[in-house]
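Chain nomenclature is as follows: A, B and C, assigned in order of appearance, with residue numbering initiated at 1 for each chain independently.
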């Protein structure tokens, strides 16, 4: 067929959306045996912190996410008739749309709050009262707020599940779930039988564990699989204190080996997974950290290393890496939708609709 | 099953959502004989004021709301294929989400406007022209605006129904519908056969009838059932004029007995239903009234009295009443969703889909 | 049935929504032979500019829009399971709701961005990265931004189609599609067999071609049918330069005869279609042009002339024309929904669901 549209440069290709990530959900599906039983408990839990998860729940969540990702057309209606309250009191495109896309793909309806100033909270309503109302309006709440305590305040009155989608400097557990899902999608053999000859990997995190909620939540999640990580290296600016009281100890007690450095160039050549992040939310704005750390084509990355980035990217991650095989940050953002689909399906008591075998 | 999630305090109970209100929809269902005929006229009416309603329409609306509340899973799709334009030019969480939840529960789609500054009205477009556009975009409009005349201006050009969800100091008729629904849900015997031995109740309203749209609309609605109310007592600050011209006379002519007082403590022990509200919207902000009136566990409430509150609560209503049987304000907010479901179903010409018998 | 609602003035009529436009979709349906083949190419194209279209594609789009308009209830689900990302970084009610209504009428789901300040772009995220995310979240993007280059920047990374819904001073192609659809709905005989005795019409545009995106896009679209227009007269203020470099030449080379004047009164009596617009978007605000040109009942309009207006109307178009047969601006706004339904169905690869015959 001859194209009649005259501007050639407006054509686009609906090619496979995600080159590196696409093949891997199948690997994860094979590596993990389906056992929906572990997911049942998610139906009576709020999701506030990475601390809540254990190995079995995580593996089954990742497996379900992989199942969604491997065949996005398969499940269309598990959340039909369910209403999500998407409450983003702090600015966000990425996380809000990721959750809302996940919910819509499962067939549910959505009510959004995108601006605190348009709400009754502006009139002084307590978050506990807002939660009381939400019980009547929807089936699940996703909350982001700059105030660390908001999610816990609202939780008190809720009889429907709430997900913490970022509470100030504290946590962002579903981002950590998506991050770990990406790592296991990249190397499903890490989850295989013991003695299958797999060597643990080295994870490098450019960021500040006590100031970035994504880093805080990811570290807790990684600590559930200490055998998979030979060492975790924190790459940071030299000035500030980078750990909250007890934070490092909790990770070490879980069996994680942790090193810290301010010299990115010298450690990069040994890192398998590089996780970079330069922004921390604080109050109504954000602060940048580690602005002297930049990843680009000249960075001494291991040949097989992958790069991950949990947020909107700034100058710290050059787009000249986008077309290289180091780029797993796009796959990471894509996988987050499927991971959230898995979590939401469990929390809204609809897992039986997506399991191959149910009891 | 053993819970693997480690933080015990994130568990929640999906218990019956509303302890006191839940049993009562059945009482209302029994007290009112279904007669859908009266609801037909709602399909060609905008809903602007409590003045529009009569006894028969109200009873059938309450019955339909009770039917929805008694079995929320029964009707899923009466508004399938219908589009709601949810236009909130004045800040709101509660009313907006209540309407949107009602619409979604009926299977419809929604387009929301939550901020006047994002609209063409910012460019000087007239509300009559906006209404002309809305005819093309949706099947029903819910409008809230600080400007009293907006709803009437928009109405002029509409060929789809509009609901006044609060127009400045004037009216908020669907809130009044929800309020009266709550009262009759609490005492359905008030609607039973004459001579069944029921004594009328005493209603106390802490608020200012000419400055609060919720109070104005509720009083008009109550005046349709004068036989149910022995007396209505307005409890207010002593300073201001509390009635608009003709407002009190209209209520008295309808047969309502009205008293006013500034001494809450001495009248409370005689009140069956206490309705409290301390905020009035004015221009772009709000004013507080009656800040010296506070309800808490020490208030001299009748043992069986119920407390209602139509809005986001402030200091005037202590949360130490939440766990007492006086708390009907949560049930009131919950019932509002089902009341709105009933109204919207009628206005969008879909009652035949929810009647047990249709002609 | 006796009306029980007491306020008589709240009744409304669900009459035929659009007096003049309603009969005409049938004329267009007859004038154009259905040939879906031409629409296939739209599934791999972004829609950025009127330059992209040719005669065959336009005719088939108009036919499909007419088919939707002739029977709005017929197609309910062509976009079921598809998600629209409605990204309006510049204020809009009309265009946003028009697109969203079109999408909902086709059975799809929507995620809206109505305020740039609530997004990650506020944190400095590039539009190319935002596009990368959108690939994961939805099936189609509609973008409005004051920045002319935004749509092209986002396009670079998209693997789902994007529609330019207004990019600064540049273009607004779907408005132009709706405008031309209106003109052909009014006179379908212009598209009939050659020699059928039809005389070309005179189009008058009150506006500034190089400052108004609607005018720029419409002129390009009109230039695809030069045989239908005897002359196009630009009516403008005398002060400014009204053409960008090459703009007039492009139109003339396409065969369009173009005149310009500053004297509206003397040319109006010869004009068949008067298109009026007084606003141009610039940066974060707008400027008014041609404020001395006003159309009202005293304007020397041809008896059969129709008036069109692409935007929220201001003082330039008197509402005393609303009840006259000159008013085609309401029909124009209404038709825009159906035109967008046609375009979206094609771009999302669902035309086979709405064609009567498919290959």
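Methods note: a residue touches a chain if its C-beta (ideal position, glycine included) is under 8 Å from a C-beta of that chain, and two chains touch if they have at least 3 such contacts.
Predicted model only: the values in this text are computed from it and were never measured.
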Interface numbering overlap (same over half, different under half) for subunit A and subunit B: different
Rotation in the CA alignment of subunit B with subunit C, degrees, nearest 5: 120
Geometric centre distance via CA averages, subunit B-subunit A, whole Å: 40
Residue numbers of subunit B (touch at least two other chains): 112, 114-115
Subunit C residues touching subunit A - in the complex, by the definition given at the top: 37-38, 40-42, 44-49, 51-54, 56-57, 81, 83, 85, 109, 111-115, 117-126, 128-130, 132-138, 155, 158-161
Subunit B - residues contacting subunit A, complex: 1, 3-7, 10-15, 17-18, 76, 88, 91-94, 97-98, 100-101, 104-105, 110, 112, 114-115, 279, 286, 311-314, 319, 330, 333-334, 336-337
